[in-house]
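I've put the structures underneath this note.
Below, subunit A partners subunit B and then partners subunit C, in two separate complexes.
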Partner chain A sequence: MDRRRFLELTGLACGGLALHGCGRGSDTPPGRTGTASALAPLLPEDVRGKVFVGHGDDAAACLEAAIEASGGLGFIPKGATVVLKPNAAWSRTPPQAATTDPALVAAMTRLCLKHGAGRVIVFEHTIDRPAAQVLAMTGIGRAASEAGAEVIAGSSQSDYVPLDVPRGRLMKRDTVARIVRDADVLINMPKAKHHSATELTLGLKNLMGVNWNRQAWHTGPDLHQYIADYATAVPIHLTVVDATRILLTNGPKGPGETADPREVIVSRDPVAADAYASTLFGLKPANVAYINRAQDLGLGVGDLARIEVTRV
Partner chain B sequence: MRLARRASQLFSLTAFLALFLLALGSVDWAGGGELRLRGGVPVDLFLRLDPLAALSSMLAARSLLLPVFLWAVPVLVLALLFGRAFCGWVCPLGTCIDACDHLTRQRRYRRTTSERSWPRLKYYVLAGVAVTALMGAQVVWFLDPLPLLTRSLTLGVFAPVQWASGYLERLPVAGPVIESASRSVLPEAQAHFRSNLAALIILTAILAGGILSRRFWCRSLCPLGALLGVIARISVFRRKVSAACRECTLCRLDCRMNSVSGGGQVNDPSECIYCYSCVDDCPRDAVCVAPAVRTESVPLDLDRRRLLAAAGLGALWAFAARTELAARPTRDGVSHIVRQGLIRPPGSVPEELFRERCIRCGACMKVCPTNGLQPALLEGGLGGVWTPVLMPRVGECVQNCNLCGEVCPTEAIRPFTVKEKDHLYIGRAVIDRSVCVVWESGKDCLVCDEVCSYQAIYWQEEGGGRRPHVDEVRCVGCGICENNCPAGGPVAAIRVTCDGDRRGWTREQQRRWRLSHLRDRESGDQRSRSRADD
Partner chain C sequence: MVRRFLVAAVLLAAAGACLAAREDLVKIAPDRINAWRAVPDATVYARGDGIVDIYNGGYEVYTRAGVTEALRRMYAQGDRLVEVTAHTMTSNRAAKAFLGDRYRMEMKSAPPRGEFKRFATSGSGTTTAYAIEGRYFLTVVVYEDSAAARNQALGFVKVLEQNASRVR
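Up next is the complex of A and B:
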């Protein structure tokens, strides 16, 4: 091979690789642009406002009972890819109650696999870094992988793709994790805890962890509206609120005072789940503005009077 | 013996690279989430072996660093026995140079006539850096091969390799293999470093020295080589030529250090690196290395005028570095750093001492999990070039991490525990009310409070809304707030400055200061809190 030929080949190879990279930067195949928002299902009428609460010492058993009562996991197709989105944002240990109970994440993973899910992915865009450490400290990394889930932390911008938010009032465009967009089912597993900006952080707020630039939400005109808007474009198929132990002060990162309601809240209705969870803090759903905004957008029922709570 | 030497070189280079790559925080999922160095090996081993760095550091800082220096003793003993064998058998930079010299291979018969080197230059370099160290500043880091190689790899090579591996991972067949390999040795996010090109150019220039001569760097410039060369003049094992020699001068041509002269009998002990080329190549087996009393020696032949000039240059650097306006002396005895952005890693010794101890190896920057530790350019003055500074907008100092203290070879960053971090004050956050979206336009932002690991943000009713303030007792200056602050572009609304830096105090004093203030507060004295207004 002479020099010229070598340079030609090298150039071709580099060019090819670079172009390949270009494609990855905005990985939106033509047919898929905005599909996530198009897929956002209107909540079936029969699950609206229905909340199932498991109560007890064993979080996994509470979860199973509540899901059983809610009618099971029939919405997960066989072989589907299920993404679990716990709150694993902080380098905090489970007793500090700033992150979702790892036992709950593991139990949910097992239930999904038992139900015939093809892949279960636990996804989080951690705020503390490095992500591996956060996943280890929260115990979620180990618990979930032992239960058979893949644990993925979206730490770089290339893990996120653009997302249209056509039904948003303020937000028109944002990003979503590619893994979440490509998944068949999203199960949101927030921790119920105090939050210094939004009063409480619950299920809808937990979705901030599947977008890339959360800072933009804070500088935007209205954080609560952003939270509600985002949920119109990212369908939540099931919300599991971890209220086994809740953080009452110094949220969202803690450490702070905690209480132990020993409850696991399960609902197909993301707004109703949050509305019920707010009562554990002695608040009304009206105190948490994004619950109202989400109800206004038709995402679910936020009015306690219209919510039907089943305790198991 | 040549094979043995090559094996040793290869082993040493592999070990060096392995330790370099292992200087990476890893997390044991089964454990409590502690960041540990991979493998639990002393990743700064090679830097500690370096007697020049240790001597210069101790001299400049006027303090005995016995735990550091003890590591270098074996190398000095080796020099007493085998002269510069370290250069030929161990030094990873020497091995890289040997490899690159093969690329610029010169024909044997042309060597002696076409090769250019200035063997005495390195002694002038050594004299210069020694004078600088004597006057209490450091410059040896610029040319000392082990810090130089570590730093060049960190700043100039490591990040591009990581970037390239991101592309290679997408190759059809080799991709997954590369991915799994890079996952285990590269950090989770792409690293970026300032002055990476400068570091890379310096390394490339050194490796390209083969154009002038084989081992050009080792012959002409390396101050560590010069130091070992001086010791080598009284070394025990020496090259011996028996009577069988017919002065074919093959050994002279093959000598990569140009240490053999005359017909092949004369060898300069301060140049010879015991590569055994002459021993192996001699057609009559007339050459060997054996214990010997000092036979005739090639004089060092240093020019006094040049030596003085080198010393003068060294002194000039020391004058400049010591008198530059980097720190403002004050009556409280604690120097106040002039540039606010000069935030040192936790556990660092006080600023003056820090600059004298730090050998700019870049190990702390390599290991920093958020890439927040960056090489200083001129924010610490001339004497602070390439020392580590925390740039919170790039990456914060992670609460549960103590890796930089673990890897620092000269204890410029003294080892510390994660528990100590709540009272190792490296700076303090200050809110710029004209940029903060809460102060300025009353928005619902609390990111600084949300992310703060030490609960140092508190809120007060002011001007019709809750406004954030920084608690100076709790804030240690880790910069996670600045890193996450959504306001501003490159410049955040909450910024860490070195004003809260309390490195002048002992750790115990810092701990007590924190505790006493927190206790005062609990007993109802709110004055300190209202004073903590930024």
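Up next is the complex of A and C:
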């Protein structure tokens, strides 16, 4: 099932719910989401729980090796529009480890284009502003452009469209960047780092940067559930976790202490990618509640015992 | 009619208080600090839960500590940048306690005894200076971790302290 079809189906599935108070904070009981169960499974069985880790000083080489080991980019149709979602939210430089390494974003762009993608868009809803300055400080703006990507910051509410979340337990409706909705493929490229509200910010949480109103999630009743719910409606085709350097304290923005695992984590399973990444901080997936919530929603494997890690 | 008038008066008073509070923070972090100029469109002012606009998920650390409002500004001189955040806290005591918390977190030791108003820390391409003046908690981030950056951060934060002492 392609991305547009998936989003169309989720929209159709929620059509009836809209008549019954569909929205964030709806009191619809978990599992009672009408036709949502009719949706096809998003994650193919053969990629569940499989994680590939590139290790070394050259981030781009780590990425290429891990992607090759994972079977390549065959899920990208020729001529497809691919959106890369790095963490480029903050006015921080790469050594501060609050944003995705620009070398990785550039390398991913080149790989997608080499594989036949028609268009690669690097998208972020920056938190600091102005967005142009943030993209310049992170190094992502220039690196991605030079590699052949379009770089777009969704700074206006008009850049976002309503999103139904029929499989969500708490969230039933939100917004998504129009560019992400209309893309064929979404590659999520989070920075692995500490987060004072959720312990860690990894791939699933990085999706907060494709919605418009982040504040509502933070001030709502259960941020972890929102994060997991949202991922049921925004399919991630590949997760690339930047763990070349990680932020250990004072996240999400820092500055704080850093460490250098020199790893790039690649997985088609967004939950397994996050579960493995949590171990780099001396944690277990259970310490990061949204990982378990996402597993409960069938988005992937969060149980380390069921995750197969291939190191390259 | 009287009721409507009262509601309008209360709303106007609240808006006035908000503007005055913001003005105080702008006096601490004005458009120019020595040769540094505030970057256009990079200023964020927030109160209460709105502080999420500045700290995103980290905002609760600040509100729990007693931060009631904050002003974030970025200053530029050529291609060099400095990030400044001025926070109003519920009391002088809250500001002092928060500075102590930051010291413990950054320096992994207890803060110095007696009069303790500022410190700086460096690493991973960053130098951060923290300071208090009355109920204001001030931070300065310089995007380098050299000795010169440390002096720059401390110099910057001292100017902010002086400005804050005038609006206490």
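One rule holds in what follows: the second predicted complex is superposed on the first by the 271 of 312 C-alpha atoms of A that agree within 3 Å, B and C clash if a C-alpha of one lies under 4 Å from a C-alpha of the other, contacts with A are read in each partner's own complex, and residues count from 1 in each chain.
Assume contacts are C-beta pairs under 8 Å (C-beta built on N, C-alpha and C of every residue); 3 or more make two chains touch, one makes a residue touch a chain.
All values derive from a computational prediction rather than experimental measurement.
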item	value
Superposed partners subunit B and subunit C on subunit A - clash or fit	clash
Touching partner for A:Lys78 - first (subunit B), second (subunit C), both, neither	neither
First, second, both or neither for A:Asn250, with subunit B first and subunit C second	both
Touched partner set for A:Met137, first subunit B, second subunit C, both or neither	both
Partner chain in contact with A:Ser145 - subunit B first, subunit C second, else both or neither	first
Which superposed partner A:Ser155 touches (first subunit B, second subunit C, both, neither)	first
Contacts of A:Thr258 with subunit B and subunit C, given as first, second, both or neither	second
Partner chain in contact with A:Gln96 - subunit B first, subunit C second, else both or neither	second
Contacts of A:His224 with subunit B and subunit C, given as first, second, both or neither	first
Footprint overlap on subunit A, comparing subunit B with subunit C	91, 93, 127-130, 133, 137, 195-198, 215, 218-219, 223, 250, 252-253
Contact footprint of subunit B on subunit A as seen in their complex	17-18, 20-21, 24, 91, 93, 127-138, 141-142, 145, 153, 155-156, 195-198, 215-216, 218-219, 221-224, 250, 252-253
Contact set on subunit C toward subunit A in their complex	39-42, 44, 49-50, 52-53, 55-61, 74, 81, 83, 105, 123-126, 128, 141, 143
Of subunit A, residues touching subunit C in the complex	89, 91, 93-97, 127-130, 133, 137, 195-198, 201, 214-215, 218-219, 223, 245, 249-258
Sites on subunit B touched by subunit A in the complex	25-35, 167-168, 170-171, 187-190, 369-370, 395-396, 398-401, 437, 443-447, 449-453, 455, 459, 480, 484-487
